[in-house]
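A short write-up of the structure that comes next.
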Amino acid sequence: MKTHRVKGLFNNFEEAFAAVSDVRHSKVPGIGIDDVTLNSPIEHPEVEEVLGDRPAHIPKFTLGGATFGLVFGFLFLAAAQASFLVQPQGGKPVIPLPSNFVLVYEMLIFFAVWTTFFAFLFTSGLFQRRGNLYSEKVSLDQIGVIVELNKDQLEPLRKLFQQHKVLEIREEEIR
Amino acid sequence: MVIEKDINEQIKWAQINSDVLRSMENPRKAYWITFFVCIAMVACAVVAEIYQYRTGLGPSNLNNPHMWGMYISTFVFWIGMSHSGTLLSAILHIIHADWRKPIYRFAEAMTTFSLMTAGFFPIIHLGRVWNFYWVVPYVSARGVWPNFRSPLSWDAFAISTYLSASMLFLFIGMIPDLAICRDNARGFRKKLYGALSLGWVGSDKQWRHFRKTYLLMACFLIPLAVSVHSIVSSDFAMSIMPGWHVTSFPPYFVAGALYSGCAAIITLFIMLRYFFRFEEYMTLAIMEKTCKLTFAIAMVWTYLNLIEFAATWYGHDVYSKEVLIAKATGPYAWIFWTMIFCGSVVPFALAFQKLRRHMPTMFVVSLLLNLSMYFERWMIVAPTLSMAMEPHQFYIMYASVVQWAIVFGSFGWFGLLFLVFVKVFPSVSMYEVKEMVFHRRRLINEEAAAKFHRRSGDPQPGAQPA
Amino acid sequence: MVQWIRTRMFRKYAHGAFHPVSLGVALILAWSMMTSTGFAADVQPPGGVHKGVDVEQPIEFPHNIHVEVNKINCMYCHTYARRSKVAGIPPTSKCMGCHKIIATDKPRIQKLTEYWQKGESPKWKKVHDVPDFVHFTHERHLKKFVFDRDYPVEDVKEVCAFCHGQIKEMTVAKKVKPLNMGWCAGCHEKNGGPGDCWKCHK
Amino acid sequence: MSGKLNRRDFLKALGLGGTATLAGCDMPTTVTLEEGKEDVVSYLLPEEYVIPGVGVTYASTCTQCNAGCGVHGRVREGRVLKVEGHPDSPINAGKTCQMGQALVQAHYNPDRIKSPMVREGGSLVPATWEKAQALLDEKLGSKANLAAGRVAWLTGTVSGHQRALITNHLESVGSNHHFAVEVVNTNVWSAVSRDMLDDPQPQISLDKAKLILSFGADFMGTWQSPVHFAGQFSRMRTAADRGALIQVESKMSMTGGSADLWVAIRPGTEGILALGLANYLIANGVSSASLPGDARDKLAAYDMQKVSNATGVSTATIERIGKALKNRAPSVVLAGAAVEGQVNGYEAVSAIMLLNVMLGNIGQTILPSGKFPLQQLEAKVGGTRDLAAFAQAAAQKQFDVVLVHGANPVFTAPASLKLDEALASVPFKVVMTQFPDETAMMADLVLPVSSTLEDWGTHVAAYQAGASNISIQQPLMEPLYDQTRGFGDIVISMLAMRNAAQYGSFKDYYGYLRNVFANLKGAGATASLSPDEFWNNSLQAGMIKIDSTPRKHTVKASIAAIDAPAADANFPLTLIPSARMGLFDGRHANLPWLQESPDQIAKVVWGSWAEIHPSTASKMGITHGDVIRIESEAGGIEARAYLTNTVHADAIAVPLGQGHTEYGRYAKGRGVNPLKIVKAAVDAKTGELALFATRVKVSKTNKNEIILRLGHSDTQHGRRLVRTVSVDALKRTKGA
Amino acid sequence: MSLKNVMENWSAYRKDAEAGGHHTYEHRWAMSINLDLCIGCNACSTACYAENNLAVVGPERFAKGQAMHWMRIERYWDVEDKEYPDQGASFLPMMCQQCGAATCEPVCPVAATYHTPDGLNAQVYNRCIGSRYCSNNCPFRVRYFNFYSYYESAWPEPMHLQLNPDLSVRDKGVMEKCTFCVQRIRVAKDKAKIENRKVKDGEFTTACAQACPTSAIVFGDTMDPESKVSMLWKQHQVTRAVYKQHKEDPELRGYRIFEELNVDPSVMYLERVRDTTV
């Protein structure tokens, strides 16, 4: 298993990307792109392309939530309406579709939004300790590239980072 | 024509951080004065509401034909105002209009807060306030449910959905900024922001999920916003009252909502820009774009207004026609014509660049637009209540002190929430301004762009590394 | 099965029971349990318990002695029950009808006699009280559950016990049934009572 | 043992908590199930028919006006909840007017006097009955030194055994001064009927008429027996050949609101129009055989044009009325208060009655009434003549003691009569009343009487609708207050003071009535019953039928010339102090239901207003709601102007009822009393006050106030809520 | 709240309003008001105050438009701009029309107003939260709102003793309206049930109909073909659940107000007749 974690802080974003790209192209033997994490103050869809296909499953949860909202919403409303002690009817159907559509629509969105939110909380790796490698600079203007690696790969990586004008390298041992 | 950049792309990121964070510290005297004025307004409303709660709705001067009065028109006003945040944030996000970025945060906060204000009104206006939860479908041993046919119970659904969705949207969009705050704060604040930022570190995984979530939220928020104001419109349109039973009400309400929201954004834009020295971010160029957008919406609103009048005029529903005539000539005529003037004529000021760039003018214009929008809501609610079907019961309502106090207090409450917000949360999205700056800079920086494109030999997404 | 869903779908994300889906499933299950209770039968006295408070009465009337020991029919004293919406407290003259002779040495009876001689009625406290906006009629209920069923009138206390509990075991009457709307409505549903709000609410 | 029982406790409610309130009063409450909070009091000794929770109905008689309608009171748990019409009553046939509906409110009124009051040092202070009795004994008892004719009774219209007792009391004190005052009356009509037909209260059969021509007679509102006439009117309207109503008046009355043809007439000229119509009828072939020989010549002076000039009614309209009268037989022509209340009221009513004679209505729609056999019980009908007579007599210090009951003369007397001063000069004034009214406030001794619903009584209506009846009033519940006494009980006790031999044996009025009923028994067709059976039957029925001998109408028509009231440049307008169903002459101003119930035509609530024609108003620059000052020679009042075209341009109408200076929280200090500025002119023949003949001038003040009214629109805005069809369509659909 | 209920109601899911919805009406209370007989005397409205515990609001609140008269008599003038009216006024007794397809019902958020199996618009006071939407959606504007707690002010002691215990005294914040004297209906139905018979026509009537001196108001059960009111409806060829009457004889006087809104009122008015030939 990987024993160390190394973080390089870059000021120049292009260089940071280049470093990631280099890692990806196996400039350092034994380190794959899956070992690389990027810490950045802004969102970089382009960079993430470089990082490769890392899936986000949130839409599935959203779909699930929406479907649940739809089905549950309708069943809930229909059951409530049909079992209401008194039917507020006056010649109108017990389960009035038009108004239920409106409510089901709202409930669909309601559940979709909340599932999305919870899915985001639970799938995006929040609620973790920031770790020793975390630098407050990342929230300012610097980009951090974190690589998990074995001890023997430390040196080549440092070199690679320095090649790309790294500002600062932090290391830590995992266990 | 002055062609101007939306933002100075040379601005330093550290500068962004410090500018925004500076706006969050050490309130000045003016802030405290405003703050206590707001508190006083809220206090008035609270006193009025307690009085009304104990006495009944009588002191508000509501009367038999005119049962809703300013409570519901104010409710519609606040609900309408909440739509701007959604518009700027979600719609512009989806269509990749990145000039939204410096101003969407406060707009979104406005959404949430005006919803939080609006939500009070349907409750306050109830005769038996303490039973308001009966409109919520909860399982009760009595076997009774709310009436799901009633647009008012739709309101309960719609507002709770919209409020939670917009709060989530605001919150999610703020997480990276909260992390920035956390990293720059000390003591109690650090703990607060630490908890609120949920352990955000800006890793690519977080960003990736963040992007998806944000997009999905935006996708849901747009139809939601439309549906919410349609549902609010159905409070009126679903009734059979002349002047309310109007097919075009849903789009009319949505247009009016966007209109009032945009007007409020301009107001707050100018105020924030002035008070927090956000000239660098809230630039005149963005202002112009906002103004143009507002102008467009104003014209849509005007068009829908005319359509409604025409449809009523040429339609066969005599009652509606009489209500329309009563609007234009009756006791509410001055409100009607003020609304038309401020809502359809004044926005032409937005069509002139000179005026658009003149902040005091824009401030006044935006206030007039807001006024027009308030009057619009009044004109929707009041004439139909006062002059509907039964001539015997034609009667107008003069709002009492109690009613005025509660309506004023709602402005105080909104202001209070907003004032707290600007000091507790970043009112300009730092990370997104950085993105904006970054992308702009990259776009004009040919060299950087070229450098980036050279690397397009990188493997395509999905391919395994060699 | 829930475990299966959890392991299959939430392997990585299982942070306890709070999942939208499992919440929904639980809600639906709870719902169906609630809705599938009960089938109309002849007479099903409603269940439900209420922890009544002890009510202080001017005279601690021992229901148990009258009902259980002396086998007096409820409607002998609560005579208006079959003729009116209220069952009524027996007129003091009725009490004195017996107690001029019977048990005159007991302190409670002496208290009663005192009232009688003053020409006053004791101020009883209402135990089985329904809200003022409720219209409840003893007359119709007795008609349905006693007279229409040809239920032996001697045993009417069993019918009374539907709502008043086993009065024969109490001294001072105590509320032991909830007498709230859900409770009433449940019985109405089981026994085909009217479901119309205006039948009971006024 | 049970003899010690107070009947009050005995009938007391089985838990007054039966009054339902919704979930607490002030604070939100969801917990409404309470154990051991509410008291339940059982009956001590139950009556067989009393079942808690079940209402019992008792028959009685309404005393809100003098029509004497039979009522059914619904009693539950010892309290009266509602009053409905007695279905078997020949007067109202199960129906009630709004005043009758408010009977319960007079009973439960919070402003009732709860104990006797004695004047001490200038102000009235509560006292005990012992003290009150002692005072009465001192002034009126056997030891009192009363010269003949020094005691006077001042009442409203009074009948039945109450009247008999009053008469007896006057006898016992050696006096015969019984003044009956009533502002709303038909005394001139009665006088004319008596003189022309030999029948003071002829039966009027509207349901047989094809046409009613009413000169200001508000016969469904305030005239004689309104509910009875409303029922007849209903039958007339629904008859196969629908009868029509022509109303000629200066201010639209409630009855005028249902007119097929409404004619505004210059105030005080109704008689001229009647003569003009008579002239027209003769000229157009209606036989004048029933008229005196010189009629034709006398009437010829009233040619169309002259009448039109005098009355302000166009010749076309006169012709229209004339044609209708000629073509539609039988008809009935009525005269109301506005005609009677003139200085020549008698002549005007005579002229109107003349039309009935000419048109052959006598015997068709105007029928002889039965002669009531028990004269001592017959109604002593009040009038305004007695008001003036009393004021005069009292001012001349003719009385030592005045006993007032059922009247509020201080409120109703015009200021110019100076009745209040005259009354004040009487050394000892006893007022028997339920409410602290203006007269009571002047009294030396105020005796609180029981309400109608607590008291015994018998009534003989002045207008005997259908058959002759004695209506019985019985207590429907125990008195609300310990310190009130029945009127009969008080008079009996006063009689016992003077004549213990005859009256000392009666414990109370009830005992007296039981006694008299035992004698009355033979009068009806119920001779075979035992006294107790007869009594119980009578109570159950609420009335006793009396066999009366029908009168015979002998027509003695005469024609007198009528002049229009003289114009007066200083006082250009005529004041119309109109009474209406509801507040009536002001006696119901303390009933909030009736205060909040709008005037039928003007729809105004809770206050006074002055109806003025827009053309008159615009001449003076008066707009709606302006406070105007109305001044006559006798004084001035201020009221809000109500612009309406339902009042003649030469008139200004201020409704009666308001302007109380006392009379409880609902009446006090509200509006103005137009009677106060009425000039005390009298009708020469009958001596009744000419209430409608006062000339006034109007001036603006610079105040404008909102007129409180029900409804905010006088027009339907084209909504066709009320649709109208012509009578032809009705006929085509065969009455459907 | 049973599965059975769900299934039954589901199968009755859509039946058209013309067939009475999924109601099997036991009774269908209705009125007929002959406007030709209405003399505007207010007896009905005062009777309503007495029967239904209506609060007297007093002049100040009346001025604000907060009066509480379930039954009001509207008075209109047909022609303005004349020197004097040449005929009487148009009186219109107006109270809740107990619409078959009432617009107040679907808008109540808590179903406090609903349709009873007797065809009445029920207003359940203790369920009402006072959103006042029903009143706003009532074309007749006959719903009255308790703007205050009137218990103390309108019934000072001992007036509260007059309160009818068969129905609640409404507290502040509750909507109320004419109920066709449901407390009387309830008693009559209970009595009929106990005696195992149907409610007879004329056995009871509403307070207003009982008081009306001219008998302009007729109340009864239209499900009973023998009742006076159903005969009247039939005679005037007024049918329910249509928004336009197709009468064989268009001159028949029966009509319903705002019928064109398809609210199906239960009150038939007979047109006022004016004899212009006199």
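For reference, chains read A, B, C, D and E in written order, and residue numbers begin at 1 within each chain.
Quick note on the criterion: a contact is a pair of C-beta atoms (placed from the backbone, for glycine too) under 8 Å apart; a residue touches a chain by one contact, two chains touch by 3 or more.
Since the model is a prediction, treat every value here as computed from it, not as a measurement.
The pair of chains sharing the greatest count of C-beta contacts is D-E. The central chain here, found by comparing per-chain C-alpha centres with the mean of all protein C-alpha atoms, is E.
Summarising the inter-chain layout, the chain whose CA centre lies farthest from the centre of chain A is D.
Centroids built from CA atoms put chain D at 54 Å from chain C. With centres set at the average Cα position, the gap from chain A to chain D is 89 Å. Annotation: 35 Å between the Cα-based centres of chain C and chain E.
Mean C-alpha positions place chain D and chain E at a centre distance of 32 Å. Counting partner chains per residue, chain D has residues 19-23, 26, 711, 713, 715-716, 721 touching two or more of them. Multi-chain contact residues, meaning those touching two or more other chains, occur in chain A at positions 76, 79, 81, 83-86, 88, 92, 114, 119, 123.
Across the assembly, chain E contributes 1-2, 5-6, 67, 72, 74, 76, 92, 94, 106, 108, 111, 114, 125-127, 149, 166-168, 174 as residues in contact with two or more other chains. Partner chain D is touched in their complex by these residues of chain E: 34-43, 45-47, 49-51, 56-59, 62-63, 67, 69, 72-78, 80, 82-92, 94, 125-126, 149, 151-152, 154, 156-171, 174, 207, 210-216, 235-236, 249, 251-253, 255, 257, 269, 271-278.
Interface residues of chain B facing chain C in the complex, by the touch rule stated above, are 139-143. Across the complex, chain C is touched by residues 1-2, 4-6, 9, 14-15, 17, 19-23, 32-46, 51-54 of chain D. By the touch criterion given at the top, residues 55-58, 61-68, 122, 125-129, 131-132, 134-135, 143-147, 149-153, 156, 235, 238-241, 385, 388-393, 395, 397 of chain B touch chain E in their complex.
Touching chain B in their complex are the following residues of chain C: 31, 34, 180-183, 185-186, 189.
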